[in-house]
Each structure stands twice: as C-alpha cells, then as structure tokens.
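To keep things clear, I will list the structure first and then write my remarks on it.
All chains are identified by letter, namely A, B, C and D, in their written order; residue positions are counted from 1 within each chain.
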Amino acid sequence: MSASTWHPDPRNLKIAYIGGGSRGWARGLMADLALETDIAGRVALYDLNPQAAQVNADLGNALADNPQAPGKWVYTAEASLEAALKGADFVFVSILPGNFDQMEIDVHAPEQYGIYQSVGDTVGPGGLMRAWRTIPMFVEVARAVEKHCPHAWVINYTNPLTLCVRTLYETFPGIKAFGCCHEVFGTQTVLAHMLADMRGIQGVHRREIQVNVLGINHFTWFDRASYGSLDLMPIYREFAEKYRKTGFEIPEEGHWANSTFASANRVKFDLFLRYGLIAAAGDRHLAEFMPPWYLKDPQTVKAWKFGLTTVAWRKKDLAEKLQRNNVNLKSSGEEGILQLKALVGLTPLVTNTNVPNQGQAADLPRGAVVETNVVISRDSLQPLMAGSLPPAVHALVSRHVDNQEMVLRASLARDEELLFQAFVQDPLVRIGLDEAHTLFTYMLSETTKRAPR
Amino acid sequence: MSASTWHPDPRNLKIAYIGGGSRGWARGLMADLALETDIAGRVALYDLNPQAAQVNADLGNALADNPQAPGKWVYTAEASLEAALKGADFVFVSILPGNFDQMEIDVHAPEQYGIYQSVGDTVGPGGLMRAWRTIPMFVEVARAVEKHCPHAWVINYTNPLTLCVRTLYETFPGIKAFGCCHEVFGTQTVLAHMLADMRGIQGVHRREIQVNVLGINHFTWFDRASYGSLDLMPIYREFAEKYRKTGFEIPEEGHWANSTFASANRVKFDLFLRYGLIAAAGDRHLAEFMPPWYLKDPQTVKAWKFGLTTVAWRKKDLAEKLQRNNVNLKSSGEEGILQLKALVGLTPLVTNTNVPNQGQAADLPRGAVVETNVVISRDSLQPLMAGSLPPAVHALVSRHVDNQEMVLRASLARDEELLFQAFVQDPLVRIGLDEAHTLFTYMLSETTKRAPR
Amino acid sequence: MSASTWHPDPRNLKIAYIGGGSRGWARGLMADLALETDIAGRVALYDLNPQAAQVNADLGNALADNPQAPGKWVYTAEASLEAALKGADFVFVSILPGNFDQMEIDVHAPEQYGIYQSVGDTVGPGGLMRAWRTIPMFVEVARAVEKHCPHAWVINYTNPLTLCVRTLYETFPGIKAFGCCHEVFGTQTVLAHMLADMRGIQGVHRREIQVNVLGINHFTWFDRASYGSLDLMPIYREFAEKYRKTGFEIPEEGHWANSTFASANRVKFDLFLRYGLIAAAGDRHLAEFMPPWYLKDPQTVKAWKFGLTTVAWRKKDLAEKLQRNNVNLKSSGEEGILQLKALVGLTPLVTNTNVPNQGQAADLPRGAVVETNVVISRDSLQPLMAGSLPPAVHALVSRHVDNQEMVLRASLARDEELLFQAFVQDPLVRIGLDEAHTLFTYMLSETTKRAPR
Amino acid sequence: MSASTWHPDPRNLKIAYIGGGSRGWARGLMADLALETDIAGRVALYDLNPQAAQVNADLGNALADNPQAPGKWVYTAEASLEAALKGADFVFVSILPGNFDQMEIDVHAPEQYGIYQSVGDTVGPGGLMRAWRTIPMFVEVARAVEKHCPHAWVINYTNPLTLCVRTLYETFPGIKAFGCCHEVFGTQTVLAHMLADMRGIQGVHRREIQVNVLGINHFTWFDRASYGSLDLMPIYREFAEKYRKTGFEIPEEGHWANSTFASANRVKFDLFLRYGLIAAAGDRHLAEFMPPWYLKDPQTVKAWKFGLTTVAWRKKDLAEKLQRNNVNLKSSGEEGILQLKALVGLTPLVTNTNVPNQGQAADLPRGAVVETNVVISRDSLQPLMAGSLPPAVHALVSRHVDNQEMVLRASLARDEELLFQAFVQDPLVRIGLDEAHTLFTYMLSETTKRAPR
C-alpha cells in the first residue's frame, strides 16, 4: 500500500497512445506536449491504421525543429499494442470503436421509429450498440495493460466513456485508469460568460470557477458554483429565467444553427428551472439522457435550439481533417497534460474525472463509474466526497447507472437478451415491445455486418 | 438494546385497530381472533366513521356467545385515536385514505390520456395521488404512536403500503412497524397448483412452499422456490412455457374475466420468460410497475387476461358489504394473527413483510422499505439477508424505489413541483410534458376538492 | 442466481468427511446418521491417518446390521482428498491441525511468561500458532472443493473455527461453507437450568429458548433471550446476582473441578454484570478473549471456578478413546444432521452458524466471519440481521476481529512480522516487547519443528 | 442542498472566539489576522474569564495603529456566549476544559499505579477524564451554535479534539465544524529536514511535501509522501534506519531533553520500521496510543528521547505567558487563516482536518471523526478518499475509535460504568481490575471536586 512501484523520470517519460492515428485528440496532445518544458520523453503511437499513426509520428518528430515548440519528444509508430505499452508510464486511449458506417446505424436507424438522437454515442439505442462493440476492445486493452505495464496510468477519452472505464476496472481491478471529458469545462465557460452578461465581470477563465461536480459522464451536475466569494447559484437562476425562451449563445462558438456542437443552452436552463441544479454538459448530450422531451422530433429539437449531429457531417468533417497535415501549435484546452504533470508529482491538481465510485457519489452504487472532482498528485488520484444528488435528479441518473450495468454485463457475456432488456429500459425508447425488438435486431445485425475487418 | 420494555400478557392483550369500521380486513381479523385460544384481551376500534366502528364492536362482542368462537375478546369503539392507542400492545392500521370519489380520479382521470391502471393504489398517477393524501395521515399515526404507545408493534395493511411504512419510520424512527400483504401468498398458491398440474402432487399448502422473497411491495420477486427437496425453478420454466399463451387459472378463483381480482397469470409468465425470476404479486399489480407493455389499452389488458378494477365496481362491492352484518367465522388466510402470536413469543415465524432496508436487499438503498422474508419472535422482527436482484430486474425495481422516495419527500414537504417530477418519471406516464402537467394539475385539484371533511 | 445447480437425492447423498478417522466428532455424526430415516447414502472418510479412517468405516458399515440403527449408510475410507470429495453433496471438516506435541507448545510455552490459556486453540498465543499452521491446510481444502465439488456444502468444526471459515471463503469466494460450534447450545442449556432454578419451570429443552446471537465464535453474545412469552434477560440478571460469588453448576456436567470442560459460569455472570449481555460460550473460552482478568494465574482461574485444559489431559483422553471401538448409538446433540436435512430441503431450520458478514452483524466489518442466527433451507443459508453490540462489547469483539484479520493475512503470506504484530496486540499478551519476541520466536520454531511429516 | 445560505462579506466578517482570553492560540490568530489584507471585520472574544478576554480585545484594537499590521479588525470582549455567536460567520473554539488542578489529576494520578502519560489530554486515563468534563461543554457550544448562528463554520482547536468534534455533530447534526491540529505539519517538517539530511535538498517548506493523511487526531499516519516527483517513502526507510538508535532532532526545536515539546523522533522511526507507515504526530502523542512500550517508566521514556510534560511545567509556562502583554506580529504557522479564506471563497485549499467519516477512511466506521486531507472552498469542506490502513495499523487505530465511542456515549449519558469500561480497555491501562477501579474512582471524584466554579 505505502510502497509506490511507479517512479517515472519526468525528463524521460514514455507515453503510449492507443488510437494514435487520430486527427483530433492525438494532435491536440501533441501540441500540448510540444508547448511543455517541464517534462520530456517519447510517445509510442499505436493505431489499427498503421499509416495514420506513422503520419502523426512524422508530424510529431518534425516539431523538434520548430523553435516555437520548446517541448522535446520523440515519436514512434508501433506495429503492435505490446510494443506501444511495454514500459509505458502513461497510456492514452482515444479510439473510434468501429467505423462511421456502424455509427450511421447507431444514430439514424432509430429515426425510422421516431427515436432521435443528437449524438448517439453514450446512451440511447446508439450508445448501447456502440458499447456492445467497444467493451470487448477495452477488455483487450485492460488485459494488455495488466501484462505489459500494470503500473501505468491509463487515461481514456473514448465514448461511451463511463462503460470504457468500467470495463477496464472490471477486467483488471488493479488498473490505475480514469476517464476525461471536456463537457464540464464547457459549462464552466458558460458560467464565465454569465458573469460578464449578468454582472459585468469580464475575462474570467473557466478554471477560476469553482464547482462541485456530481453525476455520470455527459449527465453531470453542479450543486455548487462560485467565483471568489460570489455564490453563482442565485445568479444562474436569474440567468436561466432571463434566457429560458431565447437561449444564450457564447459568441465565439458561433450560432447554434450553423454549428454541429453549439447550442443555445435552452435545455440546460430548462433542467435548472425544473430541478435546481446546473446540468454540466452540452445540450446535445443532456437531451439524450431524458425522456424524449427535447428530442421528440426534429422540430422540437430546433425549437430547443440545438442540433442533431448527423453521421454524414462526421464523414465530411473527417475528410477535411485528413487534408490537414499539420499540428496546430496552440493549447488544446484539455487537461490531459495537467493531469500527467500532476501524476508525475509536479503540480497537484483538482479537476473532474470519471472513476469507480468508492463513496464519492454517496447516492450512487459502489463500483459504478461516476464523475466528480478528484485531487491528482504524485501517483495518486483521490476522489472528493461530492455528496448526493437531490431525489428527482438522483432518479434520472440512477436509471442510467442501472442500464449501463446491464449493458456491461450483457456485453461481457455477449448476452443479447440482457442487452435487449437494457434497450427497452432506455428512456428514449418508448415504442412498443415488438417494434423495439425489430429495431434492436436490425441494429445488432447491422453493427456486426459492418464491422471493420 | 438488551432491555426489552415490552412485556404484554398473552391472556390480556390490547389491540388498537385504526380503520376499525372496515368491512373487510377488520372483520377478517375479528374472525381470526375468535378462532384463537392461546391469546385473549381487548380490541379498541377507531374509525373516522364512529358508527362503523360501533357496528364492528357490537359484532365482535356478540361473538362471545358463539360456541364456535373459542377466542374471547372484548371490543370497544373509541372516540379518539388517543383512547384507542393508550396502552396498546399492537396497532393495526387498515384505512381507506380518502374516499371512492377521490379514487375515481386516481384510477380513471388518466384514462383520458391513454394511461390505464388496473388498480391505481400503488404506483402510476393514481398511486401518487393516493400517497400524497395518505402520507400526512401516517405522519399523524406515527406521532400518536410515539406519544401514546411507543413500544407497541404497528402492523400496516394500508396502500400504498411501502410509503405508509416509510412514513411511519421517517416520522418516528424508533417505531416498531411493518407492512403486510397477501400478494406473495397468492403466488405461493400458484406454485402449489403448479405442482398438481405439472407433477401430480396434490394438496400442497402454500406455507409448504419455501421461497426467497426480494423486492418491494406489489413488485416482489422469488429467485428461489422449493417444495421439500424439489427445486421449483426449473418446473416453473416448463410451466410458464406451457401456459404462456393460454394462461393458467386457479380453479377456485373463478374465471379471470368474471372476477375483478383474478387473472390468468400471463403477465407473470411473460416476466419469468424475460427475466428468469418469478414475479410474486397478482398480474394486476405487476403490470402497473412496468412500462405500458401490458396496460397499453383495454384490448391489450384483455389479451393478457387480467382486468382493470373500476371504482364503480368498488362502490358496488362496498354497498353489498354494508348489507352484511356478520363476521364469517373462517380463517382469513392472512398472517396477522400468526405474526401477533410470534411477537408475543408463542411460535416463531418465518414470513415476508415490508420494513426499512438494513441490508437485507443488498442492491437496494438503505432505508427504502423492502419486502423480504423475516423471522418474527418475541418482541423481535429480523430480516433475512435476501441477496440481490439480477441487473435487469434491479433496474425495474430501482426506478420505483427512487420515485417513491421523491413522492415521500414531496408529500412531507407538500412540494407539488417535486411530486410532478415523480409523476413524469413514472413508467406508465409516457405522454408529453404539457399534457402530463395538465393531467397532474387536474388530478391534484380534484383530489383536494373531493377530500372528505 | 435463480438457477440452483445443486440437486442431491435425499435417498442417495454423498458425504465427504475430512478428518474421518476422528474418535469424537466423526463418530457423533455416524450415530446421528444411523438414527435418521429421512435420508440415506454413503460417507467417504478421509484422514491423514488412513488406518483410523478404515477403523471408522468398518464401524460404520457394521451399523447396517444393527436393528436400532434405521439409517442406512455405506462407509468407505478413501486414499485421497480427491476421491473423498469427488461428487460429494456435503463436506464435513473436523481435523486436528498438527499434533498434540505442537499443541503442547501452543498452550504451555506461554506459561513460562505468565500467560495462561484455558484452551489455547482460538486466540491468545496458542490460537495464533494453531492458525498459522491450520490456514494453509484450509487453503488446500478450499482449492480441492473448488476443483472436485464446487457446489457442495462445506460444514467446518475445526478450530480456530472463525479463521478456518474465513480462509475457505478467501481462497474460493464461491464456496458454500459455514462453521458450527456447540458453545451457544451450552449457554441455552444454562438458561434452561436457570428457568428451573429461578422459576421452577422444569424440563425445558435448549431449543425452546429463543436467542439473538451476535459476535464471533467462542466470544458470542445474546442480547435477547426468551422462553415463550417470558423475557429471560431480567431473570438472568437476578440469576447472575444470586450466583456471582458461588457460581452455578449444571448437575449433569459434574463438578467443575473434576471436569476439564465444566465450569461454574462465574465468568459468564461477571461479564453480564459488567456489560448487560449474556456471553454465550463456556467460561474457558470467554476468559481467553479478555485481558487477563480471569486468567492472571492458576489461583485466579481456580477462584473463578473453571479449569485450564492441559495437553497432558488431552493425550490421556485420546488414549482412552482409542480403546473404544464402538459407536455409541445416541444422538450427539449436535445440529449437523439437522442442518444437512434443512439444506436438502426437508425441514427449514433457524440456528446459529459462522459465515462471512454481509451486514448481519451491523457493527462488524463486512467479510469478517461472524456468528449469528441464520435460516437454512433447500440449498440456502441466509443470515438474520442480528443488529449491533453495545459499544463496550463491540470494542472487546472488534479487537479480535482486527487481530484475526492480521493472522489471516500473515498466514496466507507466511509473513512472520505481521504475525508478530498480531501476537503483541492480543489482549492476553501483556509482557514486554522483547520478552514477547523471544516467546514468539520460540513458539514459531517449535511449531515448525514438531510438525507431523 | 444547492442553495447555500451563507454569504459572508469578506470585508466585514464576524468571527466569534470561544476561549478568547487565551494567551496562546487566540493571540496567534490575532497576529495572523493583522497580517492579512484580503479580509477584514470584527472579532468577538468570549471567555469564562471576562478580564482575560478584555485584555486580548484591547491588545487587538491597539494593533489598528500598528503600521506593520495591515489587517484591520475590531475586537470586542463579550459577556455572553449568545452575544459572541449572534451573527457570527466563523466560530473558533480553543478552551482549556477545566483547570490545571484537574489536569494534575489527569496526568499524574495514574503514575502512582505505574501508568505514565506524556501529555494526558487525548487518550489514556487523563484523556478520558478530560473528555468526561469537556463533552458537556461542547454539547452547550453545539446548542448555542444551532440557536444563534447555525450556518457559521466552527473550527475547533480544543483537546481531546476528536471527541470535541464528535460531540458537536452528535448534538447538532447540521453543524459545519472541523477540528484542526498542527501535529501533521510537524511531521511534514521532519520530512523537509530529512530531504536536507539525506539528499542535500535545502529549504523545502512543509507545504511543498505532499502527503496522504489517514487515521485519527494525534494518531495519524502517512502512507504516501512525495516532494515533486520524488517518492519520500523509500528515503524515509533509509532515514529511519540511519537514526533508529540515535534519533534525529530538528535543529531549531532545541534538544529534546531541554524542551517539553521536542523529541528525537525515535518512536516515529520505530513505528515506521514495525508497520511501514509514517506516524504523523509528535512522539509524545504517539506513545500514548500504544501499549506501554514507550511509556513503561521514566527511564524508558528517556531512552526513547522524548519527555513527559508535567503539569507543574504548564503552570509555570502559563505564569510566564501572563506576563507578556503583546501580540507577536509573526505568522503563527497555523492554517486557521488559510481555511477561513478558503471558506470565504478566496483561495481553495487542500489540507488535513478532522471531520466525521463519510467513507474517506474506508476501514473506519462511518461517523467516527477521522483525520484526512480535505479540499476547502467557498462554504464547502470535502474530504478526499484516503483509503485504508494496513491491518496492523488498522487494529491499533480501531481500538481507540471504539474506546472513544464508549467515552462519548458514557459522557453524554453521564454513565460512569461505561466510562470505566473504556478506562480498562485503554491500552495504557494494564493494571489489575481492582486497582484500576480504585484509580478510576479517585480520578473521577477529584476531577469533579476540583472543577472551577
């Protein structure tokens, strides 16, 4: 217990990156590493697409000559998971589980039955199918970590994030893993903008907003928020009342109707006025956890001023990204790098992450993966006691915790019947049992048929 | 802890009966007491309708002359709750919270919105409204017990049973109370008939069927059942498969279509084939806890071979009962009398009751009122560790546990907004938010307007 | 969960008996089986001493011709653990871990340092040493059960009972095992005699005394006791006060000074008058769990009217038993046979056993093996929620729970330093650290040196 | 839950100080406030000795003219607890419970029986007697806070600290209280000196040493310690081995033999070498929680190189302090002021405090007051999940948790028998029962007789 067996050298770290061919998260991390002077080392990129990993490795190594990139790192593209993990101090996991053809089924097949999903990667019919194919991959990751780098810290960005982390711990209980997501940061940013709008306080950075984080990933809540000695909860009430009808858009994000990811926060305001807590994720995610109040049909979605992310858009977006062969040398705004430095021992950090519940979420079951604040320090991640959700929000969250447990059990045992039980208990699925069964069977067979090979 | 302060004299007990004017449960208990020779004493009847209590008291006292009634008890009708409770060793509570005009709203108002309820007294829109008006009554009972007979054992038969018991403990944590219900007995009886039908074993009494009881009242489950060395679970699978389409009716109960309470157990069989556990309540109750798979509309209900209990029928039934001015000297089949004797110390008893969860239901929250087996002995009720429900059934039950907690909080605080949150989270309520609000507001105002005064 | 995979045929059971050469417990069970008509089958005896097992097998088979032995069983002496366990429905474990030469060290070596032990097989220096050599044997048993009969019920009588059961579950978490001990029965018998002495109620059988059992084996407590409607706790207070000085001896047990196992119950009375709970084990066992109040020196022991069991006596007793080559056809008074029949499904049973704490002992850690009442029925053992000990008794018990956990960890890891930490934290060990270390080292080397080979 | 009702103005705080006449802690806080520019307000001093409070108030107000004291505070001496508490945002409690004549009995009476105590204010016979008279005072404080300033934050420095905080929560469960102690800081300082001694790293401040804190006040442990990326646990092992015999003294603290509070840390090293964890309190405190290994007699104490603090010394020290009528304008090194600013919302703080266990100490009972790290932010104190102690240390700590619970129950109920049970279960009390009873009775009557009136 007292004997830490993890003693990485901050000047010679080894980071393994699973999904290392990615154009998004991987390059964000590469930029963050390049801008960092306190740590150095090498990054082993692993991807099912080896060429994509090699492209990123080349880009990363080219940074060594860039005078604006003080951080010095050596990149390699690895041919096997084992080679990437061997001797790693950190493991990042950011993969697309499957392909966009499968995701097309996840998101759009249910629309034939009047079930609309704004993202389709977490809960709802799409989230379930995605979990069904992702969980076996994370079993494999957990086993490889246990074998090749059991003391490494594993940081996961892949969705469905909760179930990915849950699978890692279920497979290798001794793993040191957590899941990271920026949705909470976005809500802190909304609060910063609120301070400007409602109180004329300009230029507040989201990290200056103190919040108590409670819930599960993409369905996270604040029951306390403050800026210095200012309690933000009463101000948020005024704010939500002021903008409940029109919505409030953050200028730099662009108009919600023009952007796949933006929204006018109307769902967030509605949830606050109903439940008294600040829902801390984008409206697109929040809407999917509720009964189809906000996702009844495309008109309803439009009226609530957020968007349905189509897979056609994702395909187009990827094609554009594939054109860009550079790393944008600008901080990603993510906290991966801060977490890494905190774990090495450089600067302790209080932030929100997703780990199994040891009691930090007092009203949720032990072992369920929950999102709360934690303190990260040398070789240590300690959740803060975050308290309990009020009864109505507890009931909303608890349903999904139960459903996710079913999805986990079903996916580990490849038990299609149990998966169907989870399917029909999802709040978005309000169709008849027979219809539900037809849809379920179709999605399951298509997700199998379209699997990459 | 070790010092029991409750030492009733078995030959001179005092029983208080709240709702003592009832034609049903009260007279059942009167019959059971009259047939009992090991105990004696007096029964203080209290009812909001003093005349009804007096009628029952007169009937009870007349039994003293009946040679077929060896049990000797003196009955009084009391003018106040205080007079009834003072010095009581036992308190029975079996009341109709409100009146049939209110229940008409509970059950039938939601039908305008396509929401059908087969009973309407436990969950669903009707159960919620009933709880809203019942909980304050049980706060009053708990306070009176604390004041007048804090060491008495309180046995509740009133619905919504879970919330009545929960309210008693919430108000007076030191209370010794439990809730009793015969739905589990009915399911044991189904198993006894199964033995005859499937194995030719005749004449088994339900008490000879050993079961492990898990869940909440009216939504209770068996994960083990045996008769002697015979494991009944595999036999039940054959049985459910044999009768899944036609249903199976217990001969003495009459045809389901002619009886308000009978059913052909098709819902029970369907739940078993889906989840692998025996649902241990009547189909009418079970259907209300599920999404509207079985209660979609009257045709669906008919196809599943159970009935919607109308309040018109209840009114007619009561009118008939009011004609009968006698006590039917036959065992009620209830266990109240066995529990009473076990508590006095005469014969220890293993039976199912509803009490706050101390861990007997391992997967449900502490403090929630759960139904499991318990051992009753002198001044003692000890739950058995009943284990956990499998994930899919857990999720079904857990939703209602969460909802009931909301209803409790809302009703104690008279918080209509929180009650509405529970309302829209009930699985039977799948209508739009606005419609739901209209229905909710209507039901709430009508239940208030029609309250007895 | 719902699917029991254990379906023994009551007329053709297979019982494995590890330690099957024993003259005591094994023959007791043989007598009980011979007297039983509801079940039949075969008994596979296994013993490190194969001849002893064969002697018992021959005796057992000879019973078949005895007209007073209606129960028909076939006995075999098996050459291997595997042969004994293969296909077993039940496994009894009753072994002497090591030999009397080792036990001589357990009990008598500490006397050189002024540490007296009346039994030396549970806690104290002797109990620790015995655990140190027993735990690896039970690891072996658990592994063999997992391999050869994973669904069998395992009933352990071996001391240190708590740690034997704990080891079984630690090694094979899926095991269905419990530990049985008759000390509680002896205390019920004291209460039956108390009824005669204090109230003139003759002939009460111990099973008619209802008790709530709480604690750990050999240090078990009653916080409730009743006989019919009679609360025995206030009577016990009078009784303890009456006999606190003289003691009270049960006639048939013989005078304490002439019998190794008898006592005058003075320790029991003293504990009651201090703590308000009935200590439910023999005084010889109870004294060892306390600071050396009762075991200060042989004079003190004599004054408290119980005896120090010498190993010399045990050797002599065994020699006498070895002369007797018969089975005494009389009920052993043990409950093994009742438990077996309850597990088969014949008659449910409420009794006290030792199993891991799931919450039945609310104030003791989960997983610790505790002794409480349980309900045994077909393929099922369910603890009753027994509640909490009062703070002072909790503190006494809790120390030993902590110490036993240390002994377990130490013995599994063969960590002598950790075992020494447990040694110096035992309440009987009040000598200086250096002396303690000398004694410990001596005992450890002797127990190793004298091991049977 | 989400609605904070505590909105103090950082420029106009009200602090109540109970024990406001103190020469030590009160003046330390006065200095800290005077040096602080971010907050301002008034301080209401309350003391049983009104003159002492007035002296301090005058000193405090005089600071307003001191140019080196930028913090501006108005001091008043209040005649009643009510006046001090009314409207308070913060309440500090730092009192001497009783007087030095009582403390003389606490510390020195047991010496007649060979029981030596180095402090006598936490556990052991002296700690128990002190708790017995302190707990009623804290019942009074809790009731007054509930009445006059229920939302104020209460910071306690009084010993026995654990039981003072426990009493506050037991009396007023809604209180926002915690206990602060600098013993952990002292151990961090030892680690800073270790870095200089063992690695040549000079000038490290204790706040730069990251530690995981686990245990109870004055018997606290580190199972992790780091400085930047340096793991301090293996270095501490070398350090403890190097100085196990000679001890290691921190230069500025003076030689242990000349100072009441200094030590050579030999007890700390011995505990580390036995248990593998860093004991995080002064040796004087640590020794009292163990069996009398270190406190056998004055010679033993001297050999371990720490001192017995006599009450004669305390009396002399106080007399000297009473001469000094000034506030030493130098930071106290305590964290009260940092905690206060963090609670106001100015700078979040990770520090160690004592609060009821919600699960942060996974192996200790819920509700017990434990010392772990917490995060303090605006109107919020959140414990970090600190994990579990290893079995041997758990057993050492757990005994005291159990004993303290007994002392609490005994003191609240004024139950002398239960207090005696705690007395004889304290590890320092190894004398015979009769002697123990004589000593206990004497101490109890003297503590009552000598009470201030």
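One rule holds for everything that comes next: contacts are C-beta pairs under 8 Å (C-beta built on N, C-alpha and C of every residue); 3 or more make two chains touch, one makes a residue touch a chain.
All values reported here derive from a predicted model rather than from experimental measurement.
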In the contact graph of chains, the distance from chain A to chain C in steps is 2
Greatest centre-to-centre gap (Cα means) from chain D is with chain B
The distance between the C-alpha centres of chain B and chain C, rounded to whole Å, is 43
Distance between the CA centroids of chain B and chain D (whole Å) is 54
So chain B residues touching two or more other chains come to none
Per the touch rule above, chain C residues touching chain D in the complex are 274-275, 291, 293, 296, 363, 365, 391-392, 394-396, 398-399, 402-403, 405-406, 409, 417-418, 421-422, 424-425, 430, 432-433
Residue set of chain B touching chain C in the complex reads 1-4, 7-10, 210, 212, 223-224, 226-231, 233-234, 276-277, 344-346, 348, 350, 358-360, 362, 373, 375, 377-380, 382-388, 390
